[in-house]
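Presented sequentially are two complexes of chain A, the first with chain B as partner and the second with chain C.
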Partner chain A sequence: MKITQGTFSFLPDLTDEQIRAQIDYCLRNGWALNVEFTDDPHPRNTYWEMWGLPMFDLKDAAGVMLEVNACRKAYPNHYVKVNAYDSTKGRETVAISFIVNRPKKEPGFGLVRQEAPGRTIRYTIHSYATDKPEGDRY
Partner chain B sequence: MAKDKSLTQKERYKSGVIPYAKMGYWEPNCVPKDTDIIALFRVTPQEGVDPIEASAAVAGESSTATWTVVWTDRLTACDVYRAKCYRVDPVPNAPGQYFAYITYDLDLFEEGSIANLTASIIGNVFGFKAVKALRLEDMRIPIAYLKTFQGPATGVVVERERMDKFGRPLLGATTKPKLGLSSRNYGRVVYEALKGGLDFTKDDENINSQPFMRWRDRFLYCMEGVNRAAASTGEVKGHYLNVTAGTMEEMYERAAFAKELGSIIIMIDLVVGYTAIQSMAKWARANDMILHLHRAGNSTYSRQKNHGMNFRVICKWMRMAGVDHIHAGTVVGKLEGDPNMIAGFYKTLLSDKLPANLEQGLFFEQDWASMRKCMPVASGGIHAGQMHQLLHYLGEDVVLQFGGGTIGHPQGIQAGATANRVALETMIMARNEGRDYLREGPEILEKAARWCGPLRQALEIWKDISFNYESTDTADFVATPTPVA
Partner chain C sequence: MNEKPTDTLDRAQTPASREDTPIDLEAAFRDANVQEVLDKLDRELVGLKPVKARIREVAALLLVDRVRKGFDLTAGTPSLHMSFTGNPGTGKTTVAVRMAEILHRLGYVRKGHLVAVTRDDLVGQYIGHTAPKTKEVLKRAMGGVLFIDEAYYLYRAENERDYGQESIEILLQVMENQRDDLVVILAGYRDRMEKFFQSNPGMASRIAHHIDFPDYSLDELIEIGGLMLARDQYRFSPDAVAVFRDYLVRRMNLPHFANARSVRNALDRCRMRQAVRLFDGVRSNMTVKDLVTVTPADILASRVFKDGTLDMDKPPPRGA
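This part shows the complex of A and B:
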């Protein structure tokens, strides 16, 4: 399977040129970029590891690409995403977030059903990868 | 003591009937206070009725007046409670119609109650005989009054954070056919559409609990579809479970069950009424639930230009009442929607400080004082081939709902959903890259269709579908073209 989190997951994997164009767009809007990675892609795993702090003062896409590539090099078999933060009053949240690296094999998730009274079911989404400890998953 | 302009106190309160304009409801020199609520009405007086008198009557009948003089007025600080019409302008290009600006003191209204606000503003006055027709066009809600309302239970920012979806419109679809599916078959549509790439699926407005499908059974099968789709994509997904019912007690029971099943979103219909909407918004805030509102019924009073109320007023009231989603038009789809009017609705739902803009029907500056934002929903007769136009007219903070445009795909529902998602992501990428996506839209979609079979088929089947009818609700003010030097 292919995990489809992020703004562009239904498109073919982005080329470096396409990633740079999106970073440029973020910088034109005055957003701060950061890079995050994880080997626990559960849809509700909000806090991926941060590859350094958001680059608040960086105005050059090439600089951001250096960090993207460094993270991909350090974690070639993790999920890596680029986020942009908009600090404008009234938004103050993530403005765009897209995956730039994923493991070669994505085992995905199983759905665990616990039967409860009245035909109700308690659902748990279980990531197969997390059966192994952090760092040994992909 | 109140001054009564041209009349002495004795004349003013003599038993009998005197014109509204002379009773203190017409005050051309009045300057509304920052805390006043201001309403703008389109007044069509009966033949022979003076427009100022008709407008003063609207002020009177929507506040303190009755048809005759009452001495009991003199026991009150009646000048405070009288609404005051302070300006009457002829409507451009509409003979016999007038815009009446009326201001109301804050003390006329109960805090945090849309029901109380509307009982005055759109109460008896709409049946008043001296006017042939009456339409509420816009309102300025002062911060002092806004702050007595909860506002959207979740809001756009928090909804996106919970959904983990940023930088693009959300995608949805309404389950079709609207009526007749069994719960089990219904849940199939939910699963297929969500797995194929949509973020949300939706009950239709008239899906409540009918003999062919009772609510509890539907909720169970829909949640199976939602969770299966979440597991197979790794994304957060939702289905708007419609909890609309005959009584509040039943609505609360259904909402509680939706929560027990782990649904992230429920929905209600506009026809449940303002008080029920506010109650459900409080429940949704207390239970971390996104609240979707379907605007069923609005066109009975919002569509015709001379009578009723403009939809932008509904947008204001619903943002105050506390819903997170509201259907607000598509521009290009099958339902009523002039582009300028729709831009005004969207801004009303999404802005914090909104300047007046007559072309878009925004008569007043409106400061929302950080009230949470309400996500507009575009639904009805839209398809993947219009993606460039949808993004251009509606922007990024919107739920695009393709019902037929998903379920009607020849290769099936998953393929329909995938076509929409690919079209959307492609267009967002092109926009961000700085391309002239509105002009190049068809070409951008064609290019993606070369590698995406479902999109290719969607473009082929729906390429000639458009709904080009004239809108009935349009702007009264047109931009003056800039003269060419």
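This part shows the complex of A and C:
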């Protein structure tokens, strides 16, 4: 099951050329970029690991691509995303966030039912990948 | 521009039918707006003949490459890492800024900005600090030109464990693998740069262009002084030029003479003295002419004339 999230979740995976163009767009707007990765695909997992430090004052996408590729090389089977932070007063938030790398096989999620008092059933989802310990999931 | 190089190169590897396609190098030259930058270089930078000749060569190579690309004649991306050597104040940084602009117009670098750094910006203070620091600078410079001033400080022969070596290794790797993304210019004094290259053969072999900045002659320094004043909307009074020449002759024999930078500083002090003269003198009957004119008195008040020493309390470590 293909996980989608972030700015271009409705599109097929971006090519390197397209990623570069998006990064250039971010830099033109003066946003700071960073690269994050994780192997926990749960949609509520907002705490991804940071790859290096955020990048400020860059002029060209080549610098960010350098880090994206370094992260892909170190974690070829993790999810990797690029975030752009807009520090403009009034925004001060992530302006763009999109996935640039994903595991080759994504096993998807199972539905988990929990019996609660009074014949209530609580539902949640559980990623098959997270059955294995962190680092061995994909 | 000469059309010959393209012509002969064409013949070497293209089928006969295409060989005779007329090539409008002139138009390509105009489109890139390179002439404008070269003219500006000529106008604003006095002297520096060998430097200008070299920049012209680089511009010609890139332009011909670009035209060749239009005919699907592939050529490997030329390595454009450079080293600028010369005494202080000979215009290395200024030329680097222009170089970035020229490379941008010719499409060799994508953004054309200049990131000027020294050892402090590249080398960290503890283990593991250097690599991220150097990489951050490199990332910032991508798409433009990285100018490393006094690059020989990166390598400290007397200390094997100096972190500078780590920085050099990262630089080398990026200079080799990402030639399309940035151009590195190393700058510094001639003799020390030579020693630096001797102890870092890897660096020497990756730098294709060594450009030497000659010292300015007396006449060139005076011309530079005139240009600097004109830029700030000042001018010498007619008899002040001769006095300024006299000043420069004396100043050149004093220690820490830094070519154009010394001229700049001397003129700044002249302006200060001029301001004091106007402030203390008769304040009526002043005209705009008084405001823009530097007179011999402003120059003659320098300590260089009075007791043959520099115009400051203590001599600076270098430059003046």
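The rule is simple: the second predicted complex is superposed on the first by the 133 of 138 C-alpha atoms of A that agree within 3 Å, B and C clash if a C-alpha of one lies under 4 Å from a C-alpha of the other, contacts with A are read in each partner's own complex, and residues count from 1 in each chain.
What we mean here is this: a contact is a pair of C-beta atoms (placed from the backbone, for glycine too) under 8 Å apart; a residue touches a chain by one contact, two chains touch by 3 or more.
Keep in mind the model is a prediction, meaning the values are calculated, not measured.
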When both partners are placed on the shared chain, which of chain B and chain C touches more of chain A: B
Which superposed partner A:97 touches (first chain B, second chain C, both, neither): first
Partner chain(s) touched by A:60 [first = chain B, second = chain C, both, neither]: second
First, second, both or neither for A:114, with chain B first and chain C second: neither
Which superposed partner A:52 touches (first chain B, second chain C, both, neither): second
First, second, both or neither for A:15, with chain B first and chain C second: neither
Touched partner set for A:43, first chain B, second chain C, both or neither: first
Residues of chain A contacting chain B in one complex and chain C in the other: none
Chain B residues touching chain A - in the complex, by the definition given at the top: 157, 160-161, 164, 166-168, 197, 220, 223-224, 227-228, 230-236, 260-262, 352, 370, 373, 418, 421-422, 425-426, 428-429, 432-434, 448, 451
In the complex, chain A residues that touch chain C: 52-53, 55, 57-64, 66-67
Residues on chain C engaged by chain A in the complex (per definition of touch): 110-111, 113, 132, 135-136, 138-140, 142-144, 178, 180-182
Touch list for chain A against partner chain B, complex: 1, 3-5, 7-12, 18, 21-22, 25, 41-44, 46, 84, 89-98, 108-111, 119-123, 125
